[in-house]
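Please read through the structure below; I'll follow up with questions.
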(Lines give C-alpha, C1' and ligand atoms only; values in the text may rest on other atoms or scores of the structure.)
Protein backbone atom coordinates (compact mmCIF):
# COMPACT_ATOMS: atom_id res chain seq x y z
CA UNK A 1 0.00 0.00 0.00
CA UNK A 2 1.31 3.45 -0.86
CA UNK A 3 2.30 5.90 1.86
CA UNK A 4 -0.66 8.27 1.34
CA UNK A 5 -3.23 5.46 1.48
CA UNK A 6 -1.64 4.27 4.71
CA UNK A 7 -1.79 7.79 6.10
CA UNK A 8 -5.44 8.21 5.12
CA UNK A 9 -6.32 4.96 6.89
CA UNK A 10 -4.21 5.84 9.92
CA UNK A 11 -6.02 9.18 10.18
CA UNK A 12 -9.38 7.40 10.00
CA UNK A 13 -10.46 9.46 6.98
CA UNK A 14 -13.31 8.20 4.84
CA UNK A 15 -12.36 9.35 1.35
CA UNK A 16 -15.32 7.47 -0.08
CA UNK A 17 -17.59 10.01 1.64
CA UNK A 18 -19.01 11.16 -1.67
CA UNK A 19 -21.32 14.13 -1.93
CA UNK A 20 -22.99 14.26 -5.29
CA UNK A 21 -22.89 17.41 -7.35
CA UNK A 22 -26.47 18.64 -7.17
CA UNK A 23 -26.51 20.74 -10.33
CA UNK A 24 -24.96 21.30 -13.73
CA UNK A 25 -21.39 21.19 -12.55
CA UNK A 26 -18.69 18.62 -11.92
CA UNK A 27 -16.84 17.91 -8.67
CA UNK A 28 -13.43 17.97 -10.34
CA UNK A 29 -11.82 18.67 -13.68
CA UNK A 30 -8.40 17.62 -14.96
CA UNK A 31 -6.56 19.98 -17.33
CA UNK A 32 -3.13 18.65 -18.23
CA UNK A 33 -1.30 18.12 -14.95
CA UNK A 34 -3.75 20.13 -12.86
CA UNK A 35 -6.84 18.94 -11.02
CA UNK A 36 -9.37 21.59 -10.10
CA UNK A 37 -11.70 20.63 -7.22
CA UNK A 38 -15.10 22.32 -6.81
CA UNK A 39 -15.87 24.23 -3.62
CA UNK A 40 -16.54 21.67 -0.87
CA UNK A 41 -18.85 22.41 2.03
CA UNK A 42 -19.28 20.71 5.41
CA UNK A 43 -21.35 17.79 4.13
CA UNK A 44 -20.79 14.20 5.18
CA UNK A 45 -22.61 11.58 3.17
CA UNK A 46 -24.87 14.32 1.88
CA UNK A 47 -25.79 15.76 5.28
CA UNK A 48 -24.66 19.25 6.26
CA UNK A 49 -22.78 18.74 9.53
CA UNK A 50 -21.66 22.27 10.45
CA UNK A 51 -24.37 24.89 9.87
CA UNK A 52 -23.79 28.39 11.15
CA UNK A 53 -21.35 31.24 11.48
CA UNK A 54 -17.91 30.81 13.01
CA UNK A 55 -17.39 33.24 15.86
CA UNK A 56 -21.09 33.12 16.66
CA UNK A 57 -22.41 29.55 16.37
CA UNK A 58 -19.01 27.85 16.42
CA UNK A 59 -15.76 28.41 18.29
CA UNK A 60 -12.32 28.08 16.70
CA UNK A 61 -11.81 24.39 17.48
CA UNK A 62 -15.15 23.46 15.94
CA UNK A 63 -14.52 25.76 12.99
CA UNK A 64 -11.26 23.93 12.36
CA UNK A 65 -13.13 20.61 12.39
CA UNK A 66 -15.55 22.10 9.87
CA UNK A 67 -12.63 23.12 7.64
CA UNK A 68 -11.13 19.66 8.01
CA UNK A 69 -14.37 18.09 6.80
CA UNK A 70 -14.24 20.30 3.70
CA UNK A 71 -10.71 18.99 3.23
CA UNK A 72 -11.87 15.39 3.50
CA UNK A 73 -14.39 16.11 0.77
CA UNK A 74 -11.60 17.59 -1.34
CA UNK A 75 -9.54 14.44 -0.82
CA UNK A 76 -12.55 12.34 -1.72
CA UNK A 77 -12.93 14.08 -5.06
CA UNK A 78 -9.19 14.19 -5.70
CA UNK A 79 -9.04 10.44 -5.02
CA UNK A 80 -11.82 9.79 -7.52
CA UNK A 81 -10.10 11.96 -10.13
CA UNK A 82 -6.89 9.91 -9.96
CA UNK A 83 -8.55 6.55 -9.28
CA UNK A 84 -6.97 6.61 -5.82
CA UNK A 85 -3.45 6.41 -7.29
CA UNK A 86 -2.22 8.81 -4.63
CA UNK A 87 1.40 8.52 -5.76
CA UNK A 88 0.34 10.63 -8.73
CA UNK A 89 -0.09 13.68 -6.49
CA UNK A 90 2.83 16.05 -7.03
CA UNK A 91 1.60 18.95 -4.94
CA UNK A 92 -1.35 20.62 -3.31
CA UNK A 93 -1.09 23.89 -5.24
CA UNK A 94 -3.76 26.07 -3.67
CA UNK A 95 -6.54 26.03 -1.11
CA UNK A 96 -9.14 28.78 -1.06
CA UNK A 97 -10.95 28.82 2.27
CA UNK A 98 -14.20 30.72 2.75
CA UNK A 99 -15.28 30.94 6.40
CA UNK A 100 -18.89 31.89 7.10
CA UNK A 101 -18.07 34.45 9.75
CA UNK A 102 -19.68 36.61 12.37
CA UNK A 103 -19.11 40.27 11.49
CA UNK A 104 -16.45 40.65 14.18
CA UNK A 105 -14.65 37.34 13.62
CA UNK A 106 -11.14 37.75 12.25
CA UNK A 107 -9.47 34.36 12.88
CA UNK A 108 -10.06 32.86 9.43
CA UNK A 109 -6.37 31.90 9.29
CA UNK A 110 -6.79 29.68 12.35
CA UNK A 111 -9.90 28.07 10.90
CA UNK A 112 -8.12 27.45 7.60
CA UNK A 113 -5.46 25.50 9.50
CA UNK A 114 -8.05 22.74 9.86
CA UNK A 115 -7.72 21.96 6.17
CA UNK A 116 -4.05 22.99 5.75
CA UNK A 117 -2.97 20.66 8.55
CA UNK A 118 -4.99 17.82 7.03
CA UNK A 119 -3.22 18.16 3.68
CA UNK A 120 0.19 18.15 5.36
CA UNK A 121 -0.81 15.19 7.54
CA UNK A 122 -1.79 13.27 4.43
CA UNK A 123 0.79 14.37 1.86
CA UNK A 124 3.69 15.70 3.94
CA UNK A 125 5.56 18.75 2.67
CA UNK A 126 3.97 18.62 -0.79
CA UNK A 127 0.64 19.17 1.00
CA UNK A 128 1.67 22.72 1.87
CA UNK A 129 -0.39 24.90 -0.46
CA UNK A 130 -0.68 28.50 -1.35
CA UNK A 131 -3.62 29.61 0.73
CA UNK A 132 -6.34 32.21 0.49
CA UNK A 133 -8.51 32.54 3.61
CA UNK A 134 -11.38 35.03 3.81
CA UNK A 135 -14.58 35.56 5.76
CA UNK A 136 -17.96 35.75 4.08
CA UNK A 137 -21.40 36.51 5.49
CA UNK A 138 -23.16 33.47 4.02
CA UNK A 139 -22.35 30.14 2.38
CA UNK A 140 -24.47 27.58 0.53
CA UNK A 141 -26.84 25.61 2.79
CA UNK A 142 -25.50 27.59 5.76
CA UNK A 143 -22.22 25.67 5.66
CA UNK A 144 -19.72 26.98 8.21
CA UNK A 145 -16.81 26.65 5.78
CA UNK A 146 -16.25 26.07 2.06
CA UNK A 147 -12.90 25.14 0.50
CA UNK A 148 -11.81 24.87 -3.14
CA UNK A 149 -8.50 23.33 -4.18
CA UNK A 150 -6.07 22.88 -7.05
CA UNK A 151 -3.60 19.98 -7.21
CA UNK A 152 -0.68 19.15 -9.49
CA UNK A 153 -0.53 15.53 -10.61
CA UNK A 154 1.67 13.35 -12.78
CA UNK A 155 0.28 12.70 -16.24
CA UNK B 1 -21.99 27.86 -38.81
CA UNK B 2 -20.53 25.94 -35.88
CA UNK B 3 -22.75 24.28 -33.29
CA UNK B 4 -21.97 26.76 -30.48
CA UNK B 5 -22.68 29.82 -32.62
CA UNK B 6 -26.01 28.25 -33.61
CA UNK B 7 -26.79 27.60 -29.95
CA UNK B 8 -25.91 31.15 -28.95
CA UNK B 9 -28.23 32.52 -31.62
CA UNK B 10 -30.99 30.05 -30.72
CA UNK B 11 -30.76 31.14 -27.08
CA UNK B 12 -30.99 34.79 -28.14
CA UNK B 13 -27.73 35.67 -26.40
CA UNK B 14 -25.95 38.87 -27.38
CA UNK B 15 -22.28 37.99 -27.01
CA UNK B 16 -21.30 41.35 -28.42
CA UNK B 17 -22.65 42.95 -25.26
CA UNK B 18 -19.26 44.33 -24.33
CA UNK B 19 -18.60 46.02 -21.04
CA UNK B 20 -15.33 47.84 -21.11
CA UNK B 21 -12.76 47.29 -18.41
CA UNK B 22 -12.88 50.54 -16.46
CA UNK B 23 -9.44 50.39 -14.92
CA UNK B 24 -5.92 49.03 -15.23
CA UNK B 25 -6.98 45.47 -15.87
CA UNK B 26 -7.90 43.30 -18.83
CA UNK B 27 -11.13 41.37 -19.38
CA UNK B 28 -9.33 38.16 -20.30
CA UNK B 29 -5.88 36.68 -20.49
CA UNK B 30 -4.65 33.66 -22.41
CA UNK B 31 -1.85 31.57 -20.91
CA UNK B 32 -1.04 28.55 -23.04
CA UNK B 33 -4.29 26.63 -23.42
CA UNK B 34 -6.11 28.46 -20.63
CA UNK B 35 -8.26 31.58 -20.86
CA UNK B 36 -8.81 33.46 -17.61
CA UNK B 37 -11.89 35.71 -17.60
CA UNK B 38 -12.15 38.66 -15.19
CA UNK B 39 -15.01 38.80 -12.70
CA UNK B 40 -18.17 39.76 -14.58
CA UNK B 41 -20.99 41.66 -12.94
CA UNK B 42 -24.62 42.16 -13.96
CA UNK B 43 -23.95 44.86 -16.53
CA UNK B 44 -25.56 44.95 -19.94
CA UNK B 45 -24.11 47.41 -22.42
CA UNK B 46 -22.46 49.16 -19.51
CA UNK B 47 -25.61 49.53 -17.39
CA UNK B 48 -25.93 47.64 -14.10
CA UNK B 49 -29.16 45.66 -14.46
CA UNK B 50 -29.41 43.80 -11.13
CA UNK B 51 -28.52 45.98 -8.15
CA UNK B 52 -29.14 44.61 -4.68
CA UNK B 53 -28.88 41.63 -2.39
CA UNK B 54 -30.32 38.25 -3.29
CA UNK B 55 -32.71 37.03 -0.59
CA UNK B 56 -33.65 40.62 0.19
CA UNK B 57 -34.04 42.64 -3.02
CA UNK B 58 -34.23 39.65 -5.37
CA UNK B 59 -35.84 36.23 -5.21
CA UNK B 60 -34.20 33.07 -6.49
CA UNK B 61 -35.56 33.24 -10.05
CA UNK B 62 -34.35 36.80 -10.49
CA UNK B 63 -31.04 35.94 -8.87
CA UNK B 64 -30.59 33.17 -11.42
CA UNK B 65 -31.26 35.64 -14.22
CA UNK B 66 -28.61 37.90 -12.69
CA UNK B 67 -26.13 35.01 -12.65
CA UNK B 68 -27.02 34.20 -16.26
CA UNK B 69 -26.24 37.79 -17.27
CA UNK B 70 -22.79 37.45 -15.67
CA UNK B 71 -22.42 34.29 -17.73
CA UNK B 72 -23.35 36.11 -20.93
CA UNK B 73 -20.64 38.64 -20.14
CA UNK B 74 -18.19 35.79 -19.62
CA UNK B 75 -19.17 34.35 -23.02
CA UNK B 76 -18.76 37.77 -24.55
CA UNK B 77 -15.18 38.06 -23.32
CA UNK B 78 -14.38 34.43 -24.11
CA UNK B 79 -15.67 34.98 -27.63
CA UNK B 80 -13.45 38.01 -28.10
CA UNK B 81 -10.44 36.10 -26.77
CA UNK B 82 -10.82 33.34 -29.39
CA UNK B 83 -12.11 35.59 -32.16
CA UNK B 84 -15.46 33.78 -31.90
CA UNK B 85 -13.92 30.50 -33.07
CA UNK B 86 -16.08 28.59 -30.59
CA UNK B 87 -14.88 25.21 -31.79
CA UNK B 88 -11.62 26.04 -30.01
CA UNK B 89 -13.33 25.70 -26.62
CA UNK B 90 -12.28 22.41 -25.03
CA UNK B 91 -13.89 22.87 -21.65
CA UNK B 92 -15.34 25.31 -19.16
CA UNK B 93 -12.87 24.54 -16.36
CA UNK B 94 -14.15 26.60 -13.46
CA UNK B 95 -16.78 29.13 -12.50
CA UNK B 96 -16.47 31.13 -9.30
CA UNK B 97 -19.81 32.64 -8.35
CA UNK B 98 -20.11 35.41 -5.77
CA UNK B 99 -23.69 36.14 -4.75
CA UNK B 100 -24.37 39.43 -2.97
CA UNK B 101 -26.49 37.91 -0.24
CA UNK B 102 -28.79 38.88 2.59
CA UNK B 103 -27.28 37.66 5.87
CA UNK B 104 -29.74 34.78 6.10
CA UNK B 105 -29.70 33.72 2.44
CA UNK B 106 -28.13 30.32 1.87
CA UNK B 107 -29.27 29.31 -1.63
CA UNK B 108 -26.14 30.44 -3.49
CA UNK B 109 -26.02 27.03 -5.21
CA UNK B 110 -29.42 27.66 -6.79
CA UNK B 111 -28.38 31.13 -7.92
CA UNK B 112 -25.19 29.75 -9.43
CA UNK B 113 -27.29 27.40 -11.56
CA UNK B 114 -28.19 30.45 -13.62
CA UNK B 115 -24.68 30.56 -15.03
CA UNK B 116 -23.94 26.81 -14.88
CA UNK B 117 -27.07 26.02 -16.90
CA UNK B 118 -26.13 28.65 -19.47
CA UNK B 119 -22.71 27.10 -20.03
CA UNK B 120 -24.22 23.65 -20.49
CA UNK B 121 -26.92 25.06 -22.79
CA UNK B 122 -24.22 26.64 -24.93
CA UNK B 123 -21.41 24.07 -24.82
CA UNK B 124 -23.10 20.83 -23.81
CA UNK B 125 -21.25 18.48 -21.46
CA UNK B 126 -17.94 20.32 -21.80
CA UNK B 127 -19.74 23.33 -20.29
CA UNK B 128 -19.95 21.55 -16.94
CA UNK B 129 -17.37 23.30 -14.79
CA UNK B 130 -15.90 22.94 -11.38
CA UNK B 131 -17.87 25.43 -9.36
CA UNK B 132 -17.31 27.59 -6.32
CA UNK B 133 -20.40 29.43 -5.06
CA UNK B 134 -20.29 31.71 -2.03
CA UNK B 135 -22.24 34.57 -0.53
CA UNK B 136 -20.70 37.97 0.09
CA UNK B 137 -22.09 41.08 1.76
CA UNK B 138 -21.24 43.50 -1.04
CA UNK B 139 -20.16 43.50 -4.68
CA UNK B 140 -18.86 46.24 -7.01
CA UNK B 141 -21.51 48.77 -8.05
CA UNK B 142 -24.06 46.84 -5.95
CA UNK B 143 -24.14 44.02 -8.51
CA UNK B 144 -26.32 41.13 -7.36
CA UNK B 145 -23.87 38.54 -8.67
CA UNK B 146 -20.29 38.38 -9.94
CA UNK B 147 -18.78 35.41 -11.78
CA UNK B 148 -15.20 34.67 -12.85
CA UNK B 149 -14.29 31.82 -15.17
CA UNK B 150 -11.45 29.75 -16.58
CA UNK B 151 -11.68 27.92 -19.91
CA UNK B 152 -9.46 25.41 -21.69
CA UNK B 153 -8.97 26.05 -25.40
CA UNK B 154 -7.12 24.50 -28.30
CA UNK B 155 -3.90 26.27 -29.19
CA UNK C 1 20.01 46.75 -13.50
CA UNK C 2 16.85 45.45 -15.18
CA UNK C 3 13.91 47.74 -15.90
CA UNK C 4 11.61 46.28 -13.23
CA UNK C 5 14.22 46.53 -10.46
CA UNK C 6 14.77 50.17 -11.44
CA UNK C 7 11.04 50.78 -11.34
CA UNK C 8 10.69 49.14 -7.92
CA UNK C 9 13.45 51.34 -6.54
CA UNK C 10 12.04 54.46 -8.21
CA UNK C 11 8.65 53.73 -6.63
CA UNK C 12 10.29 53.31 -3.23
CA UNK C 13 8.88 49.82 -2.79
CA UNK C 14 10.45 47.52 -0.24
CA UNK C 15 10.08 44.07 -1.80
CA UNK C 16 12.10 42.58 1.04
CA UNK C 17 9.17 43.34 3.35
CA UNK C 18 8.67 39.67 4.14
CA UNK C 19 5.73 38.46 6.15
CA UNK C 20 6.23 34.88 7.23
CA UNK C 21 3.60 32.28 6.57
CA UNK C 22 2.22 31.61 10.04
CA UNK C 23 0.82 28.15 9.43
CA UNK C 24 1.05 25.02 7.33
CA UNK C 25 1.03 26.79 4.00
CA UNK C 26 3.53 28.36 1.64
CA UNK C 27 3.62 31.95 0.38
CA UNK C 28 4.04 30.89 -3.26
CA UNK C 29 4.13 27.82 -5.42
CA UNK C 30 5.55 27.38 -8.91
CA UNK C 31 3.83 24.94 -11.27
CA UNK C 32 5.45 24.91 -14.68
CA UNK C 33 5.36 28.49 -15.93
CA UNK C 34 2.86 29.70 -13.34
CA UNK C 35 3.51 31.19 -9.92
CA UNK C 36 0.62 31.12 -7.47
CA UNK C 37 0.86 33.68 -4.66
CA UNK C 38 -1.01 33.17 -1.37
CA UNK C 39 -3.56 35.74 -0.25
CA UNK C 40 -1.67 38.78 1.05
CA UNK C 41 -3.07 41.04 3.72
CA UNK C 42 -2.14 44.56 4.80
CA UNK C 43 0.90 43.56 6.86
CA UNK C 44 4.20 45.39 6.74
CA UNK C 45 7.13 43.66 8.43
CA UNK C 46 4.62 41.47 10.24
CA UNK C 47 2.48 44.32 11.58
CA UNK C 48 -1.11 44.76 10.34
CA UNK C 49 -1.22 48.34 9.06
CA UNK C 50 -4.81 48.71 7.84
CA UNK C 51 -7.36 47.17 10.21
CA UNK C 52 -11.03 47.80 9.58
CA UNK C 53 -13.79 47.97 7.02
CA UNK C 54 -13.54 50.12 3.92
CA UNK C 55 -16.50 52.48 3.65
CA UNK C 56 -16.69 52.65 7.44
CA UNK C 57 -13.20 52.85 8.97
CA UNK C 58 -11.41 53.82 5.74
CA UNK C 59 -12.21 56.05 2.80
CA UNK C 60 -11.42 55.19 -0.80
CA UNK C 61 -7.96 56.75 -0.91
CA UNK C 62 -6.85 54.88 2.21
CA UNK C 63 -8.46 51.68 0.95
CA UNK C 64 -6.41 52.00 -2.23
CA UNK C 65 -3.25 52.37 -0.15
CA UNK C 66 -4.27 49.22 1.74
CA UNK C 67 -4.69 47.38 -1.58
CA UNK C 68 -1.32 48.67 -2.73
CA UNK C 69 0.32 47.27 0.40
CA UNK C 70 -1.17 43.84 -0.39
CA UNK C 71 0.33 44.25 -3.85
CA UNK C 72 3.75 45.05 -2.41
CA UNK C 73 3.52 41.84 -0.40
CA UNK C 74 2.62 39.97 -3.59
CA UNK C 75 5.67 41.46 -5.30
CA UNK C 76 7.79 40.50 -2.33
CA UNK C 77 6.77 36.86 -2.61
CA UNK C 78 6.95 36.86 -6.39
CA UNK C 79 10.46 38.28 -6.16
CA UNK C 80 11.53 35.53 -3.77
CA UNK C 81 10.03 32.88 -6.04
CA UNK C 82 12.12 33.98 -9.03
CA UNK C 83 15.19 35.01 -7.02
CA UNK C 84 14.47 38.62 -8.05
CA UNK C 85 15.13 37.85 -11.72
CA UNK C 86 12.28 40.14 -12.70
CA UNK C 87 12.94 39.75 -16.41
CA UNK C 88 11.44 36.27 -16.00
CA UNK C 89 7.97 37.76 -15.44
CA UNK C 90 5.90 37.26 -18.59
CA UNK C 91 2.58 38.49 -17.26
CA UNK C 92 0.47 39.22 -14.22
CA UNK C 93 -2.31 36.75 -15.03
CA UNK C 94 -4.88 37.39 -12.31
CA UNK C 95 -5.47 39.39 -9.17
CA UNK C 96 -8.27 38.43 -6.81
CA UNK C 97 -9.09 41.34 -4.50
CA UNK C 98 -11.16 40.87 -1.36
CA UNK C 99 -12.18 44.17 0.26
CA UNK C 100 -13.41 44.04 3.86
CA UNK C 101 -16.43 46.22 3.28
CA UNK C 102 -19.15 48.05 5.13
CA UNK C 103 -22.51 46.57 4.15
CA UNK C 104 -23.33 49.55 1.93
CA UNK C 105 -19.91 49.97 0.31
CA UNK C 106 -19.87 49.15 -3.39
CA UNK C 107 -16.64 50.74 -4.67
CA UNK C 108 -14.49 47.60 -4.53
CA UNK C 109 -13.37 48.29 -8.11
CA UNK C 110 -11.85 51.61 -7.07
CA UNK C 111 -10.10 49.99 -4.11
CA UNK C 112 -8.73 47.23 -6.33
CA UNK C 113 -7.12 49.91 -8.51
CA UNK C 114 -4.61 50.35 -5.71
CA UNK C 115 -3.06 47.01 -6.55
CA UNK C 116 -3.81 47.02 -10.29
CA UNK C 117 -2.09 50.38 -10.74
CA UNK C 118 0.92 49.15 -8.78
CA UNK C 119 1.35 46.14 -11.08
CA UNK C 120 1.16 48.34 -14.17
CA UNK C 121 3.55 50.87 -12.62
CA UNK C 122 6.05 48.07 -12.01
CA UNK C 123 5.61 45.83 -15.04
CA UNK C 124 4.00 48.05 -17.67
CA UNK C 125 1.36 46.53 -19.94
CA UNK C 126 2.14 42.95 -18.91
CA UNK C 127 1.09 43.99 -15.39
CA UNK C 128 -2.52 44.31 -16.53
CA UNK C 129 -4.24 41.29 -15.04
CA UNK C 130 -7.59 39.66 -15.16
CA UNK C 131 -9.23 40.94 -12.02
CA UNK C 132 -11.83 39.73 -9.57
CA UNK C 133 -12.89 42.31 -6.95
CA UNK C 134 -15.48 41.52 -4.29
CA UNK C 135 -16.55 42.75 -0.89
CA UNK C 136 -16.51 40.52 2.18
CA UNK C 137 -17.68 41.14 5.72
CA UNK C 138 -14.47 40.02 7.45
CA UNK C 139 -10.85 39.24 6.65
CA UNK C 140 -8.04 37.61 8.64
CA UNK C 141 -6.68 39.78 11.47
CA UNK C 142 -9.18 42.48 10.48
CA UNK C 143 -7.15 43.32 7.36
CA UNK C 144 -8.87 45.95 5.22
CA UNK C 145 -7.92 44.16 1.99
CA UNK C 146 -6.56 40.77 0.88
CA UNK C 147 -5.19 40.03 -2.58
CA UNK C 148 -4.12 36.76 -4.22
CA UNK C 149 -2.28 36.62 -7.53
CA UNK C 150 -1.13 34.36 -10.34
CA UNK C 151 1.84 35.20 -12.58
CA UNK C 152 3.24 33.66 -15.75
CA UNK C 153 7.01 33.32 -15.81
CA UNK C 154 9.69 32.04 -18.16
CA UNK C 155 10.98 28.59 -17.29
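All chains are identified by letter, namely A, B and C, in their written order; residue positions are counted from 1 within each chain.
Simple rule for what comes next: a contact is a pair of C-beta atoms (placed from the backbone, for glycine too) under 8 Å apart; a residue touches a chain by one contact, two chains touch by 3 or more.
Bear in mind that the values here come from a model prediction, so they are computed numbers and not experimental data.
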- request: For the sequence-identical pair chain A and chain C, determine the rotation angle of the Cα superposition and round it to the nearest 5 degrees.
  value: 120
- line: Residue numbers at the chain B-chain C contact, same meaning over half shared and different meaning under half, come out as different
Field: Cα-centroid distance, chain B relative to chain C, in whole angstrom
entry: 25
- line: For chain A, residue numbers touching 2 or more other chains are 96, 136-137
Message: Looking at the complex, which residues from chain A come into contact with chain B?
response: 22-29, 31-32, 36-39, 96, 98, 136-142, 146, 148
- prompt: How about chain C: which of its residues touch chain B in the complex?
  reply: 33-34, 91, 93-96, 101-109, 112-113, 116-117, 119-120, 127-137, 150, 152
